[in-house]
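Two complexes, one shared chain (chain A), two partners (chain B, chain C).
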Partner chain A sequence: MYMDQLNQAVKGGIAPFHEYLLQGSIVDSSKDVLVHRLRGLCDNADSNPEAFHDHEMIFSLKGSPQQQPMTVYLRHSLIQTDCWHLRYVGSTEFGDKTRQTLVRSCVDIGVSDSIVKFLNEIGFKLEYEFVAKGYFFHKGRMKVTVSKLFKMNIQGDVNNIDPLTLSCLVELSVVVPTGQEQVGEDMKNFAEQLKPLVQLEKVDHRRQQQAAT
Partner chain B sequence: MALAGVTVSIEAVHENQIQEVTLDGQEICVPPLSMSECLAKSAQKIDFAEEDGEEKGKTTSEEETEAQEKESSAFQPSLWPWDSVRNKLKAAYTETGVLLDVLNIAKEKKYMVLAHVQQDTNEPKSALQILAKKKAFGLQSISSGLSTAASVLMGGADRLKKSQQEIGNRQQTEFHFELHNLRQNWRLKKVGNSIIGDLSYRSAGSRFWQGGTFEVTKNTMLPSEQVEGTNTHSALEVVIPSELEGSSYVQVEVKHVSESTGLMHATLKLPNSFGKYPADAHWQTKLEVAQNVLFCKELFSQLAREATQLKSSVPHVVVGNQIFTNIFPSVQLSIILCHATGKGDEKSQPRPPKVEHNHVLEHSLHQLLREVHHKTLHLDPPHPVTATFGMTKRRRLAGPSGMSRADLKEMSESETLLEQIIKQARHEVLRVRTMTTIDRLASTIPDPQIMAHWSCLNSSLQSNVKIIITSNGYDGLRLTWQSLDLEIGTDSIKVVTKDRRILMLSFLEKELEDLIRWQVSQHHISLSQNLARLMGWQILSYNGCSGVGEMEDFATASSIQLVAPNNDRMLSIRSGITSGLHVYLKIDSKDSLDPSLTALVDPKWLNLSGTFKEIDMEQIDGRNFAAKLEFIMAMVKQKR
Partner chain C sequence: MQKEEKQLEMSLESMIQRVSELKNSIGALIFKLEHEYETLNWPSLLDNFALLSGQLNSLGRVLKSDKVPSLKNQLLLPLLLHPDPDENLRKLTEGRLLFFNHEIAPNYLRTKLEPEVEEKTQQLVTKAQQTTQEQTQKQLNNLNKVTSNLLDIINSTREEWDNESSQKSSQPQTSSLTDTNALVSATLTGKGLKSNRTRLPESPQAGMQQLQKIQNPSISKAPSSIKTQIKAASGGHPYQRT
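Let's look at the complex of A and B:
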């Protein structure tokens, strides 16, 4: 049902966007080298890398047991505390193996701080949450983030955190209107340049989930 | 065997030696040797002298057989005592016979021709050997002399070769060194065998369609071959695309045009030294100039695009490489792209020496485009990091905070380069106008002094000036100051007077002039007022806009009436903008009054009216009005 509504929204021209994504990880000890390299490769090499500090909450709405739960990602910046962002990510388009990157539809909405209350009201439940800290780079319209994920010891307390792993998540993503296939090529070329440091690949999340269970 | 399967093909060597390869690739072969030449060559290779030498040590086969015969004969029982003598004679006879045969062969050309064997010049060594082997002493000395000479020559050739190689190596390292330098300042990449560089502003945020690629090549010219008079030799050369050759700049001109002059009229003036730089300039200079050309082109195309799109009451005109726009009535701003390739014969064009080029505006144009570049590159980072990239924070918050349509519209509005430069030009024109107006008035109005204090802190769109009107000698007294602040904007001037009234003036200089003149006339009255207070006089009345008397061209005259401390003298001062300053003194007194009335009227009523007479201010001593008035007041106050 929700999916239909979403499809309608997409058809209605509200958010005909696609996200192209490549992911990889790097151990903490080599992070500085990667950041240095990214500074050189990306735009604004003259200024310091932009740091970010976000709190992400994942809400899901479960319908009947047969249906896939509907999941939304809510992010809240801890630097600019008035900025909240809600995101829905569609299922990955696996159909085309020749594609260089993972491609999925997405809906991005800027929201205000009352969103948590609103989501709870309409039946969404908090699944899990984490804190992400790291650096943001951009080259043209490509976004590169190097983020360290932290788990929260007490629910809702963003100050009481512990690192989740000994490595950092590296993501290269572009959000573009539908039908711009050139982006994947550009991203692949960019990923090539980071190669010995970090291996950016299209990650099959479903398979990973299956492996985990 | 492992190698059994390998087929080895053998090919005959080229039979004939190649003598020369012509420029068109044709090979000229040495003609094959004829039989006799072949024989001669083979014969030449035989070292006869060696054979001779060997002969001494060894015995020939003939001798061997003879010796064997001798041995066999030695076993013969009947050994004849003259046998050895006979043998020797026999041998001598044989030798003589052979000699005779040889002589016959040599003499009679029937069997053999003795031809002179040409010495192979390519192999001087063999010739030397032959010479050396000659037993003759003289020849030996010659050969040794030749060999020393040869070794000297060979040594010299070796040294030359070595030095040539060194030069080559140095050039190679110089090239790499310069390439390293180039790499530090410019973007380079290797495509195939060539090195391509990029001098465009793309990486700095430009979105101009025209690219700026250049090629880096090695300078093959040797330092010794370069043109006289140039001392810089670079191992590296850059090839710049032809459309970016030469040099260019954007000429900005603000000029006054009369209504009759056609709008589309501009003279392009180029300074003499412009557009020429030496062809063998250093690559850094070349690249910088080409980059500037590209920048100017981008700037101009941006302006031209905006000029055609921008709606205004007076349309902007774009003709070729010129943009005209009217910033004020009869004031025109022209922006011209000058691009000199430096190739054409420029001396043929007559050039006026003075170029009315506005460097400040040109500089701001450059700055504006660079700002645009900077903005395209320096986008607001998204927070949280998953948020849509490329929006400002305000834009991102527009949805959640429920911004109105008007707010959004206001946010999306941005000024084009042309609008900004027009504003700056307007401000500049207005500032210069204000400046000249104030200066002119200060020099034409001598009495109250007009001083202008320009604020050093101003922007390209606003500047401030404080005008102070004082009287010489009285400027120490703050009471006698008249001041007004002018805030010069883009097309109007905001005036704040001493009493904090705010007036808005348009761009017309007449308005400012009128205002200052009015202030000057006001100054006289306020000066009189303050002077009266200081001298103990009383102010009877003050009228800011006096309705009596001569009509002024604009505004109104003001007047003041002052009474002396002992109440018997009165001064009336009227100050008009065009009518000027007039001072009247009441001449009525008790003495001059009709005696019949003295009994009836209280003397105080005499102050109400009376006969006034104008004082000729020219006749009064004093540098200025203030001094004169003080003098009059002091004189009149005295008890009669």
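Let's look at the complex of A and C:
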């Protein structure tokens, strides 16, 4: 099984990985405190936190009505406009209490600006889009993002935007090859250090999806 | 009479037990201080002190309890003094006392305080006796006043602190579960992002790509037809949803 995956990865140039994920949020007024704390906790404490400003588009390909639509997440940096990133994530495993984080399989690929056209050509349709602005930190292989999500008032217009909530989304994630449960423990410990500022938790995605439909 | 003796014996036994416990823990603490001072940490030292204070307390309780006959009424008199080393005594005292002779006995059996201490106490007693009733009353009043003032200050400060801490504990609502859920479901399912969107074709960025795309094939055509074509095409721009 594992060898198959590896062969496939070598052939296709795409490696299947697992993403371990914890999510939380911080109200805007306390965001600076959190950023300050993250600067202290994470690597490169002496340099300014790395900012990002992305436009995310979510495309899906619907097969027959019985089938689950295939969804991909496309991110386009508005700072470095030639940076496009396409990501596919599998369904999220919530797991039991012994598992510290959410786990989902994911595939990350760097793409070029023709991706939108390509996706449209093969039948993908834009589902929704938003703008994410925020900071990015890393500590070892852990990645922390603090992002403010904006609703786009006009489709495709990244300048005409309104904040979605009064909070910023905080995500702690690690992407590793299959089968490294130790990561969850590290992440839990890191999340502990951000309390009580942010409660990073396993957010049940299935429940969220049910609530949305 | 016999009953009292029995009681005394029992209370002595329990006293000895308490005292030896106390002695052991003091010994253990000293040992720790001498041998483990490099690794000894503050909490464990505090634990030791807490143990000592607990044992002292229980010893005090034994002494005060009703079952113990008043020890002040008991007489203790040395029956035999001996100048030679006493092996038995050495064992009993764990090597601290070798003789029970004329020099040591008075020291161990004394009931009076040390002379220096006694002198100091005497001084205080005479001083207290010299003050008149009136003066005493005055001083007492003064002391009461100062004490009550102090109590007031302490109480008010404590109230302030309590208020502050309660404010602090109520204040930091730095994250909200509803917002977390809203944000996560927005990224996952587009909840809150799909609705209320006007789809105006004039959107600069998306529109531009479309414009170029359309203009190319229509360059050769008449200007009027370009206009209509742009309008017609702008409805279906590349990110169109179904």
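What we mean here is this: the second predicted complex is superposed on the first by the 193 of 213 C-alpha atoms of A that agree within 3 Å, B and C clash if a C-alpha of one lies under 4 Å from a C-alpha of the other, contacts with A are read in each partner's own complex, and residues count from 1 in each chain.
Quick note on the criterion: contacts are C-beta pairs under 8 Å (C-beta built on N, C-alpha and C of every residue); 3 or more make two chains touch, one makes a residue touch a chain.
On a predicted model such as this, the values are computed, not experimentally measured, just so you know.
When the two structures are aligned on the shared chain, A:139 is found in touch with neither chain B nor chain C. Of the two partner chains placed by the overlay, only chain B lies in contact with A:54; chain C stays clear of it. The partner of chain A that touches more of its residues, comparing chain B with chain C, is C.
By the touch criterion defined above, A:99 reaches neither chain B nor chain C. Shared interface residues of chain A (contacting chain B in one complex, chain C in the other): 56.
Across the complex, chain B is touched by residues 43-44, 47, 50, 52, 54-56, 73, 75-77, 79-80, 82-85, 87, 108-112, 132, 134, 136, 138, 141, 143, 145, 147, 175 of chain A. Taken in their complex, chain C has these residues touching chain A: 172-177, 179-194, 196-200, 203-207, 237-242.
Chain contact summary for the complex, chain B toward chain A: residues 377-379, 381-390, 393, 396-401.
Looking at the complex, you find that chain A touches chain C at residues 23-27, 30, 33-34, 56-58, 116-117, 120, 125-130, 149, 151-160, 164-169, 196-199, 201, 203, 205, 208-209, 211-213.
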